[in-house]
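Two complexes follow with chain A in common, the first pairing it with chain B and the second with chain C.
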Partner chain A sequence: MSGYRGDVADALSGSAIFGALYATGPVVRTVLIGPDGSPGLISAPVVEGSVPSIVDLAPAAGWDEREAADLYGVGFNGHSPMRPLVAHGAALEDWTVRVSGHDAYQVAVGPIHAGVIESGHFRFHVVGDRILHLDAQLFYKHRGLQAAAEGRRLREAMALVARTCAACSVTNAIAYADACEQVLALEPPSELRRVRTILVELERVWNHLNDVSAICAGVGMAAGNAAFAALTERARRLNDALTGHRFLRGAVQVGASDLDWDASAVRRAANELDSVRTDAARAWRELAFNASFQDRLAGVGVIDAGRARALGVVGPAARAAGLDRDERCHSGRLSYDGFAPALPERPDGDVRARYEQRALELWQSFDLLGMLLDRPVTASRAEPGPAVRIPGAGPGDETGIGVVEGPRGRTVCILEARDGQVIRLQLRTASFANWPAVAAAAAGSLLPDFPLINKSFELCYACVDR
Partner chain B sequence: MFTLLRDLRRLRRQLDLPHRTGSLAIRHCDVGSCNGCEHELTLASGPHYDLSRFGLGMVASPRHADVLLVTGAITSRMSTALRRAYEAMPEPRRVAALGDCALGIGLLGSPDDILGPVELVLPVDLQIPGCPPTPDAIATALFGLLASRPAGQGVTVGRPLGSADEQPTGERRID
Partner chain C sequence: MGGATLAEASVQVCGGVLGAPLLPGLIQAAKARLQGRRGPGPLQPYRELRRLWSKSTVEVEGATQVYRWAPATVAACMVAAVLLVPAAGVAPGWGVGHDAFALVGLLALARFAIAAAAWDTGNGFSLMGASRDLTISVFMEATLVLSLGVASLSAGTTDLRGVVAGTAGGGAWATPALALAALAFGIVVVAETGRQPVDNPDTHLELTMIHEGPLLEYAGRDQAYLQWAAAARHWIVLVIAAQVFLPHGRTVAVQLVALPAVLAVLAGALAVLETVVAKMRVLFVPRLLGVGSALALLGVAAWLAPR
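The block that comes next holds the complex of A and B.
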């Protein structure tokens, strides 16, 4: 193997992991992330409309290649069959896997679901209640946000990134701000790093509380659902008190932070977080001793370490399978000194492990916030620093790559810019990374367990569809 | 478990929610949101606001719904599903547009992918502005809908799906 594929294979057989793949007009670029969290690029020129596929080397690139094929018309030699992902309207047999046999049939669900959920279409291939295979057709909410960013000023495009997804608004915004600041040769001083870390941990807290509530809802455990929904509400009220927005939107800007919290505001926040933590721990204990609830979680929707690695699963779902990767370990542009990931005692990769992982990370986030909120927060600006060169980026290219561990895992934001304008923006969110794992976890499970499996990942559609 | 239920009961008492009468079955439909409106709508049914307590329930099918509650600006891919959901509803039926996107305020995205606000496709009876509206604002707006009657006297119910001219049988009138 030589050239593009050879370079990717070499990097992957070393210590790098697959981070993202995206197309511009004339090139396809693969982002690889080193063990220290530093990203690098390997590019392949599009020749006669196509490039070699790397999906055999990095199965995690499957959706990325399909997206690039649909949105940029690039062919990927060796990726076969190339099923449409973003493009809708294909015949059923062209976008689903063929499943046949005695009594096999399909159950179609969505795009409008039964609950208050985002829109997307699932096609379950089943025999009786047993799911043989699941094809997910998302991108019903494709708003063309990345394309709309092109040509905008860097600071202006932040609005598009922050409104991509409310649940991951801070994560996405920090990843984009990082990428911009790399391009602009700006460095966040410690105060800016601290306030951003506080924001992303607040986002993790409300999301994890929400996820526990959702998992309870997934099995009809009304008391747990209600208890954690009430805690989610309190966390969102705290967000509002601190930043003026319940989803912390607008709090992250490129190169600066206006947030100014005096000693009493910081103390009130820390006290409220303590109180939420106490109540969450109480509710968690109640659920821990509810055997009928716990029985519903164990052994369901398993993604073990091997499959998690192959599929490129990120975040709590990966750690619940025993993979110890957490980008907070090497987030030099945030305040995570001495951070070590919380790892489960039982890394079974099932719904129970993902559920328990949420609690482990919740307690850790409360600890982190307790330390970070020990003094007032003042407005701060990024300072001029050395220009960041991404290995593999072309000589004249201004490229920045932000990598942030959000509530759902690693989000990678790639920015190509010129003269302070966005040329190309690619937001590869943790939800984008993990959706294939939801489908994989569903195979072999019972159809009525799908809501539970789905909730144990609790991915956003908005983050994928963009 | 008893502790948990007791805690929730205490919260309920502290909040001292008012009593109302009447009911509305609501079907939510996301046509291109950022997920923020959904998250707030979910909490509007949570213990702090508890919509169901006022007779405002989320139902699984548009066939059971009085109100279609739409979030997001309509993407080109969701317009058919939205129309179908509306067509599947019995009359009288009402449409509520939830959030600035659904109202066409400050839309972001590519013109090819975003059609525009809900009113472009469906008649909107209730507008709930905000980005996103808080659960409180959502609850308050829906209470308003509960208090008001659908526009027009004597609305046709039980009309079969599709075109009215096909089989205009089984009409009942309510006032």
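The block that comes next holds the complex of A and C.
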């Protein structure tokens, strides 16, 4: 193996992990992330419309290659069958896996669902109530935000990135701001790092509270659902009080922060977080001693460490399977000094492990916020710093890669810029990384357990419809 | 017809036909309060029925008369069952009698009609719900028959009027038989009304549905019939629970006066249960009902045991 595939194979057999893959038209680039969180690029020129596939080396690249094939018309030699991902309208046989056998049948759910859920079509291949295989078709509301960013000024494109997803607004915005600041040779001073860390931890708090509520809803656990939904609402109101937006949108800017919280605002926020923490701990204990609820979680929707690694699962879902990766350990552009990931006692990779992982990370986030909210927050600006050079980026290309651990895991934002304008933007969100794992976790489980499995990942549709 | 019978007849028909939707309404309202929500009032099911009644039905392409007649069949079964289940120890005949086992048949017929309609339309969610319902009903009906059987043994008759009279007062509780049957019937109440932990009537998650699944293909009046029938099921099983499996007075007057209060308490108990208990894994539901059957069998054994 030599050339592009050889380089990718070498990097993966070393200590790097697959981060993202994207096409620009003439080139396909793979982002690999080292153990210290530093990204590197390996590029392959598109020759006669195609490049070699790396999906056999990094199965996690499966969706990336399918997306690139649909949106950029690139062929991937060796990726067969190449099923459409973003492009809809293909015949059923072309985008689903063929499942046959005695009594096997299909159940189609969506794309329109009951409840407040985005569009997604799930096609279950089942025997009785047992799921054999799940094909998910998302991307129903793909907005072309990445393409819309092209040609815009770096600071303008932030509006598009922040609107990609409400639930992950801060994560995506910080990943983009990091990438921009790398390109602009800006360095965030400690105050800017601190305020961004506060914002992403606030986002994690309300998301994790919401996820616990959703898991309760998945099994009809009304009391837990109501308790954690109320806590989610309190966390969002705190967001609103601090930033003027319940989902923290607009709080992150490229190269600066306008947020100015005086001592009393910071103290009020810290007190409210303490109170939410106390109430969350009480509600959590109620659920811990509810046998009917706990009985639903164990052994359902298992993604073990091996599969999690192969599928490139990120975030709490990966840590629940025993992978100890957390990008907060090496976030030099955020304030996570001395951070160690919270790891479960039972890394079973099932719904219970993912559910318990949410709590572990919640308490950790409350601790972090308690430390970070110890003094007023003042407006700050990024300072000129050394230019960041991404290994593997071509000469003359201004490339920045932001890597942020959001509530759902690692989000990678790749920015190629020229003269202060976006040339190419690729936002590989944690939800994009984890959707294939939802389908994998469903196989072997019971059909009525799927909503629970889905909610134990609680991924965004908007984060892939970008 | 004596005064007691007349009073019973009006309670039975007005309660079973007109009052039944109040029971799920009460449960829903109580659930909302328990969860810290304001929620809709207990009269909400009536508003739903009025809304549905004024809307047109839908026709499923390719479906036959089986689909068309299922809601009316289900509603008719429930009307007959409401007439069959006496609200006290006396009741007019109504032409359907009062046999406990005829009741089991009527409930099963309604289930069959809706399952056949699901088969007729071929809708995935309907079929899934119907197949789960039929699977569960195999176990549920056994528990229902056994628990009613114990009550019939205690009273010496399968006529429900006789059963209500025979289990009145403290005498029937002298042996553990009726208490064991009451526990079994409690499980039947949860299963037959489609409440948690067996089924979740408030869910929007189609994949988890049991009783709600086959209802998805219906709209307008058809849906109104089916919603009313679901409410009537609450009335039927809760009235039996109140007048057979819970201590109740000997005189018809006491039985009739106490009934609304007992029904409200039972509705409240279901609301509490549904708030603090999660829905169980669908494959474990037969086990729960198996426990019910075992309890009822113990009740039979306790009755047969020499005193």
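In this text, the second predicted complex is superposed on the first by the 466 of 466 C-alpha atoms of A that agree within 3 Å, B and C clash if a C-alpha of one lies under 4 Å from a C-alpha of the other, contacts with A are read in each partner's own complex, and residues count from 1 in each chain.
Please note the rule applied: contacts are C-beta pairs under 8 Å (C-beta built on N, C-alpha and C of every residue); 3 or more make two chains touch, one makes a residue touch a chain.
Quick caveat: nothing in here was measured; it's all calculated off a predicted structure.
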Touching A:114 in the superposition: chain B (first), chain C (second), both, neither?
both
Which partner reaches more residues of chain A, chain B or chain C?
B
Once the shared chain is lined up, is A:247 touching chain B (first), chain C (second), both, or neither of them?
first
First, second, both or neither for A:226, with chain B first and chain C second:
both
Per the contact definition in the header, classify A:163: touching chain B only (first), chain C only (second), both, or neither.
first
Using the superposition on chain A described above, determine whether A:185 touches chain B (first), chain C (second), both, or neither.
neither
A:290 contacts which: chain B (first), chain C (second), both, neither?
both
In the overlay, answer first, second, both or neither for which of chain B and chain C A:448 touches.
second
Using the superposition on chain A described above, determine whether A:143 touches chain B (first), chain C (second), both, or neither.
first
One more residue to check, A:281. First (chain B), second (chain C), both or neither?
neither
Hey, what residues of chain A end up touching chain B and chain C alike?
114-115, 223, 226-227, 230, 290
In the complex, chain B touches chain A at residues 1, 3-5, 7-8, 11, 28-43, 45-48, 58, 60-62, 72-73, 75, 77-78, 81, 85, 108-110, 112-114, 132, 134-135
Which of the residues in chain A end up touching chain C in this complex?
107-109, 113-115, 129, 216, 218-223, 225-227, 230, 290, 292-293, 295-296, 446-451
Using the touch rule from the top, collect the residues of chain C that touch chain A in their complex.
31, 34-37, 124-125, 128, 132, 196-197, 200, 202-208, 274-283
Which residues of chain A touch chain B once you look at their complex with the stated criterion?
88, 111-112, 114-119, 139-145, 147-148, 159-160, 163-167, 169, 210, 223-224, 226-227, 229-230, 232-233, 236, 246-247, 249, 279, 282-283, 286-287, 289-290, 460-463
